[in-house]
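Okay, structure first, notes after.
Going by the order they are written in, the chains are A, B, C, D and E; count residues from 1 in each one.
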Amino acid sequence: MAAHIAEKKGTFLEEVIEATPGGERLVHCIQCGSCGGSCPSGAEMQYTPRTLIAMIGANDRDAVLAANTMWACVSCYFCTSRCPQNIPITDIIYTLKRMSIAEKRYHDTDAPALAKTFTDFVDRYGRSFEFGLATGYHLLKRPISMMKMGPMGLQMFTRGRMALRPTKIRQIEQLQAIINKAKELSAK
Amino acid sequence: MKYAYYPGCSLERNAAAYDHSVREVADLLGIRLQEIDDWNCCGATEYFSRNELAACAVIARNLALVEPQTDQLVAPCAACYLNLIKTDKLMVDHPEFGKEVNQCLAAGGLKYEPGRVTVRHMLDVIVDDIGETAVRDKVVRPLAGLRVAPYYGCQVVRPISNNDNPEYPMKMDHLLKWLGAEVVDYPVKAHCCGGHMTQISEPQAFELIRRLLQNAQDYVADMIVCMCPMCQLNLDGYQSRVNGFFGTEFKLPIMYFTQMLGIAFGIDPQKLGFGKEIVTAMPVLEAKLGGQPV
Amino acid sequence: MADKIGIYVCHCGSNIAGTIDVEEVARWAGKNIGDVVVSKDYKFLCSSLGQQMIEDDIRSEGLTGVVVGACSPHLHEKTFRNACKRAGLNPFLCQMTNLREHVSWVNSDKAAGTKKAKALIFAAAERVKRQKPLEPMEVEVNPATLVVGGGIAGLQATLELADAGYLVYLVEREPSIGGHMAQFDKTFPTLDCSACILTPKMSEVGQHENVTMFTYSELEEVSGSVGNFKVKIRKKARYVDYDKCTGCGICTEKCPRKVIDDVFEAGMGYRKAIYSPFPQAVPRIPVIDAENCTWFTRGKCRVCSKVCPTDAVDYDQKDEIVELNVGNIIMATGWKLFDCKRIPQYGFGRLANVYTNMEFERLCNAAGPTSGKIVMRDGKTEPKSVAIVHCVGSRDVNSNPYCSGVCCMAALKFGHLVLEKTKAEVYSFYIDMRTPMKDYEEFYQRLLEEGMHFVRGKVAEVTDAARKPDEKGKLIVQVEDTLLGKQRRIPVDMVILMGGLEPQADAKELGLKCGISCSMAGWYTERHPKLDPVATMTDGVFVAGVCQGPKDIPAAVAQGAAAAARVAGMIAKGTVTIEPIVASIDEEGCSGCRICNNLCPFNAIEYDEEKKVSRVITALCKGCGTCVAACPAGVITGAHFNNEQIFAEIDGILWDAKPQAEVEIASV
Amino acid sequence: MSDKPKGKLALYWAASCGGCDIAVLAIDEKILNVAEAFDIVFWPCAADGKVRDVEKMDDGSIDVCLFNGGIRTSEQEYMAQLLRRKSKVLVAFGSCASEGCIPGLANMNTRKEVFDTVYKEGSATVPENPQDVRPQPATKMPEGILHLPVFYDTLRTLDQTVEVDYYLPGCPPEAENIWKAITAIRGKGVRNLLCEAPEGPSRQKVPDTFSAVIGLNTTVCEECPRKRGEKKIKKFYRTWEIIPDEETCLLEQGLLCCGIATRAGCGALCPAVNSPCIGCYGANDGVADFGARMMSALASVIDSDDPDEIRRIIEEGIPDPVGSFYRFSLAASQLRRKKKMQIA
Amino acid sequence: MSNENFDPKIVGFFCNWCSYRAADLAGSARIKYPLNVRIIRVMCSGRVDPTFVLKALADGADGVMIAGCHPGECHYINQNYKAMRRYEMLKHTLTAMGVEPERVRLVWASAAEGRQLAEAIDKLVSDVRRLGPLHWPRNWDENGERQKALDDIVKEHEEAMEVPA
């Protein structure tokens, strides 16, 4: 590493860049707010994506990982496609989600639980399982809304749009071997 | 023309209408779809929230399973489409990461050469590969008089270009015009349906759904035509709850674009999965297309 | 005669000596490099004492070559060449090698620096032994000048030269000179009426005895080089006889065909099929737009011809090519507006009351389509609120990464005009407010006082999709107010997009014609961004105005004048010196294979059909050496960069890489 | 001619096909004139003679030695050194001695690979060589040690081995040129010949050496009657892919004609029969690498500015760049051979 | 192959207008980068003859960098495109000759890109360091067999001479 490339200082900014393909564009942020302006969930966010980037730059790790911004993201990619500096903002949001989950910094959101339930089904069956998601995640996290879902669930069911049993792929062991390897590699 | 086909989990059940209509329309247009054997879930947006490498490895398994005879892979679901194309692009752009993904695949005895497979959305295949003339030739029941609002959602047009404008896409507009429909040019056609937010924060999700329904209604659309099972579920399945939540009275059928192609082509609506939608399309179709349209 | 080489290694204070053992380098060179008779280190070689030392050595030792190991030749090559010249040594027998910028300043390892310095000195010494004396060439400068572009920069340059008594040919693509400035209403920050200050200059040019105008004309071809360019101008058919027409305007008045004026009125107004773009046009000779004229499209009408009192209309006119000889060329080709439709989320072209800045200029202009009344597209309603969106097509990697420089000030100007002429609320949406020149910040202060609202944030979208009742029927500007950290939706009646400045669509092509290149963005590249901003890498071709990069009117005027001054200086001197670094072909050896023939972008290689050999036209050759490297027969030589010299340099630079053990030729 | 004292002539054949010796004989009845002017003191191919006899001669006693073939073995190197010592004028005769020629292309392989091909994979030898016997430089026999010359990894040209005075290019040299060279040597005396070879003397003196090529200093295009225009190439063809037009420049038709870079003197024989020049006369004076000249010239006129397209044009059109650009000159090129994988 | 102590020798052919100035700028800005690239100034990257590169490698260089103005910004309009074409051709041949193509690199650096140039040099030096020395002249060294073989012939002949014919 040549001396002209900034020495690593162990900042949060570097950490986020490291964990995001294309993340090095982060340093180009000019704080224009086109991400925050574009976000369909902008009103729900405690900090706009722009603010979050400023906080990353200010090394405010704790506040960033505890923010609700990531959990309000709907992955519409407007921020990414409109960013005048080509910063992969949605991908950075994913990075922050992963960090926040790994360190259990999130609060007041069920998104991590949803993600876990969902991915557990994938790990187990190789396919997603909507009924299982409904029963597992919703019963656990939001029994009241589950009640409201009742009629819709019934409609879905009568129209043949919901299965009661998960589909399992034939070569589930193969998929699991791949997933386990990935988990092993990313643990490093 | 031969394409590998990745239906994705939604199309198995919840969006069976999409799957059926895709297959029917493909058949008629001479698009040969070969379903990937033993494909697995793409992980939706959820897997990326937990583990990027695992997410990509899970997706790459499907890419690796694409038979060597074709390098074209069709995915009708927007989330599946983006996940597949994004994983391939990550592996191409970041060779080190690509190697890691392949290390994972190797654990399952598989290998994927980044860039080998071109991931396509069904809409692009029909508009770009089949083209206007071939589509118009097949139309036996023009959708004249029907005001349709094409709804693109997010993940097919952004962030990776499908040769359409990511802000104001036009491909479905063109396609529906070829079918004779009156296309509603409304500004939110590529805005968000709420995605998985219905599962996390209903008020937030319902507001996003309302914006779309409201704008389509303001522009006097008879129905919304979409290209993603998640969009369909949110706009259709949750429509009555949105009405309850905001006191609105939306009654907009939400159909897949392949279903509309199918009826314009004169395919039996039963085969196209008509009737599986919760806000029924029958009344408006009967009223606008006259007689016994379906 | 054996070579006698002098080697001089500069300390440059501690700049070089700090990280290179210069004494060791000089000592080593004296011992190890063949034919070296003097090898010295010195504190500051570029000082007069340092130069004197070299001169003395040349005289006393009879040096045949001098190597100077110091800073970049781009800084001091001239200095040391001149020193050699004073001592009677041909300046091309002096070779500089760069021990400072390329060695001592980029690394602090003294051993490694010393090693690299030795290699560079060795290479220079091997090279200089093979260098040949060369003589610079002098050519005469034709006192006529070509100015391309009749905008404010071109006009200024034209007037400066013409007033100094030199002949100027001015080429303008549109039917009238004046450029974009003629379209503007007011100019910031003084708010002078643009036309009031521009038209006197236009008529001065139009009437100047030293100026020949070619309007409705384009630059077709350039050949030759500094001092003696040959240019071809295409005079497009006007279908109006320039000499007969008096500019009375009856033809335009009577012409029955109305056309939307996309150029001068930016699509906001109409013109006729036979037209002069605006009342103060210079010249006042109209042109017929054949694409829209009823006579040309349908073979009927001829009204203009019938009404013309001087019988000046000539439907049979053809394009005409004019050939001119000039000594210098000033490119002042200007800019075009960013196409705001490229950002669909801002709604231009889809939402009626979204305007571009150029449209708004015309809307404000008293001579414009609404006579200066600020009204919406319906032509009558005054807006109650106006949003001005900055950075449309600027500072965005999705369109143009650069800052267009003038939009912030123009936005403030628009804000002022709206506030002055209407009761509307005005919002400016900016990323950074850029007001760096004289009296600009003061203008910003003035707008703050006048009550313009400033929202810091790049606009995300402009939409008519209402979410709340108060948004119905409005244009909603959605933005993050970055100073609040909140997303805002501001409903307005009218939106003005501040489109950025872009290079002309054919800038690159035009640049190629006269041998100048463009930056990545497409602006003409100046010779040096700071110290030589109007010259280009091609001698005799200068740039002025926005074609060199975004700038405002005062800067464009200053550049026009600066380019003219440079040209005037060359004309006054009368001759120009050309570096003798050129290629030449050994005609005896040339087999006429013609590989080199289309490699030269300056057309300096001609093929002699009779003798079947190729030949370099020395006056046109710029010395790049591409043909030298391409010649399959090896019969093209590049002066000062010939194979022998470069091979020697490679040999020297790798002095420490040669195989030691290998015995190449067994002794006999 | 007869008034001059008779000179002494030697001819030798190292790593070459033998064509050069035949070419000498192809000067027909003029060989008698040669015999008239010279005593042929050593010509193993045509006349009986012993190395031992040469070893016994005084140094410098041979006036002219025409040496053909490159240096592939220790024996050839020994002979080159010996004949250099004994001769006043040493002529690198033909392409092999001058620049390695076809035998030099074996520099794309190592000795081991060459032997593998001949003794292990070669269809002619394998059935007869089941024990995979290889030539050994020294073999102990009851009678004593038997020697075979050592076979080198890399073929060298004559001038990479000993100092050479003149070069006579061609594979083989044209009979006509041989005769002219011989008469010139005889007529002018040796040193005077420098740069004044018959008909189109080598015009440019090569600095720092006494070597000079006996031939023209221009390229084959000079002698080629085809019509030539400015060049732009979008696709390269191999000879079997197209039937070229007989009138226009072959290169312009996309064929890899080496005539642009090859020393003239053959009369453009190959282009005359609609076949591209393959470069057997080698490079012009002052050229340090024949292949580089071809590469540079051809690449310069590729009609594309897109790196991917350029790469495609090159890779598809020129699958064997070394064989195309260095068919005759690999051993004399800057790099001389392919990189050996294991460097001691 | 990789060797920490290996100090690659790399020859640079830099165009006068952009790349040489970029190197000047890197110096003025005191950007630090390894000293392994020794720069030869040419007027244009279009002057770079493949022979230069081959000669440098044959003379013992471990790598070569050719640097010119960005495409479209050539001081001589478009001559750097010719450099690009020749570079592709040369790489094709070098690969066939067994030279790792990473050793020879064409980079574009404008006069403003001191930092980018320094990064490119840094990258090339580390790549060449990873590949190890090239030592091209050793390619035709016959592992010391040559002199012995010649000596053997002389000896053999001398011995044979002693026996009368």
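Please note the rule applied: a residue touches a chain if its C-beta (ideal position, glycine included) is under 8 Å from a C-beta of that chain, and two chains touch if they have at least 3 such contacts.
Please read these numbers as outputs of a predicted model, since none were measured by experiment.
Could you tell me which chains are in contact with chain A and with chain B alike?
Common neighbours, chain A/chain B: C.
Could you let me know which interface, A-C or C-D, is made of more C-beta pairs in contact?
C-D
Whole-Å distance, chain A centre to chain E centre, using C-alpha means?
Once rounded, the distance between the two centres reads 48 Å.
Take the average of all CA coordinates in chain B, do the same for chain D, and state the distance between these two points in whole angstrom.
68
Cα centroid separation between chain C and chain E, in whole Å?
35
In whole angstrom, how far does the Cα centroid of chain D sit from the Cα centroid of chain E?
28
What parts of chain D, by residue number, touch at least two of the other chains?
77, 81, 288, 293, 296, 300
Two or more other chains in contact with one residue: find those residues in chain C.
Correct list: 345, 599, 626, 629-630, 643, 647, 666.
Among the residues of chain E, which are close enough to touch at least two other chains?
Touching at least two other chains: 31-34, 49-51, 55, 78, 82, 86, 118, 135, 138, 141, 150.
With touch defined as at the start, can you tell me which chain B residues reach chain C in the complex?
Residue list for chain B touching chain C: 165, 167-168, 185-188, 211, 214-215, 218.
Please give the residue numbers of chain A that touch chain C in the complex, ascending.
It comes out as residues 30-39, 42-43, 47-48, 50-51, 78, 82, 84-86.
Hey, which residues of chain C end up touching chain A in the complex?
345, 391, 395-398, 431-432, 456-461, 478-482, 485-487
For a test of understanding, state which residues of chain E touch chain C in their complex under the given definition.
Contact set of chain E toward chain C: 7, 9, 11, 17, 20-21, 23-28, 30-35, 38-44, 46-52, 55-56, 59-61, 69-70, 72-79, 82, 86, 112, 118, 135, 137-138, 141, 147, 150.
Using the touch definition up top, name the residues of chain A that touch chain B in the complex.
On the chain A side, the touching residues are 19, 21-22, 40-41, 44, 71-72, 74-78, 80-82, 88, 90, 94-95, 97-98, 101, 109-112, 114-116, 118-119, 121-122, 126-128, 130, 133, 137-138, 145, 148, 151-152, 155-156, 159-163, 167, 169-171, 174-175, 177-183, 185-186.
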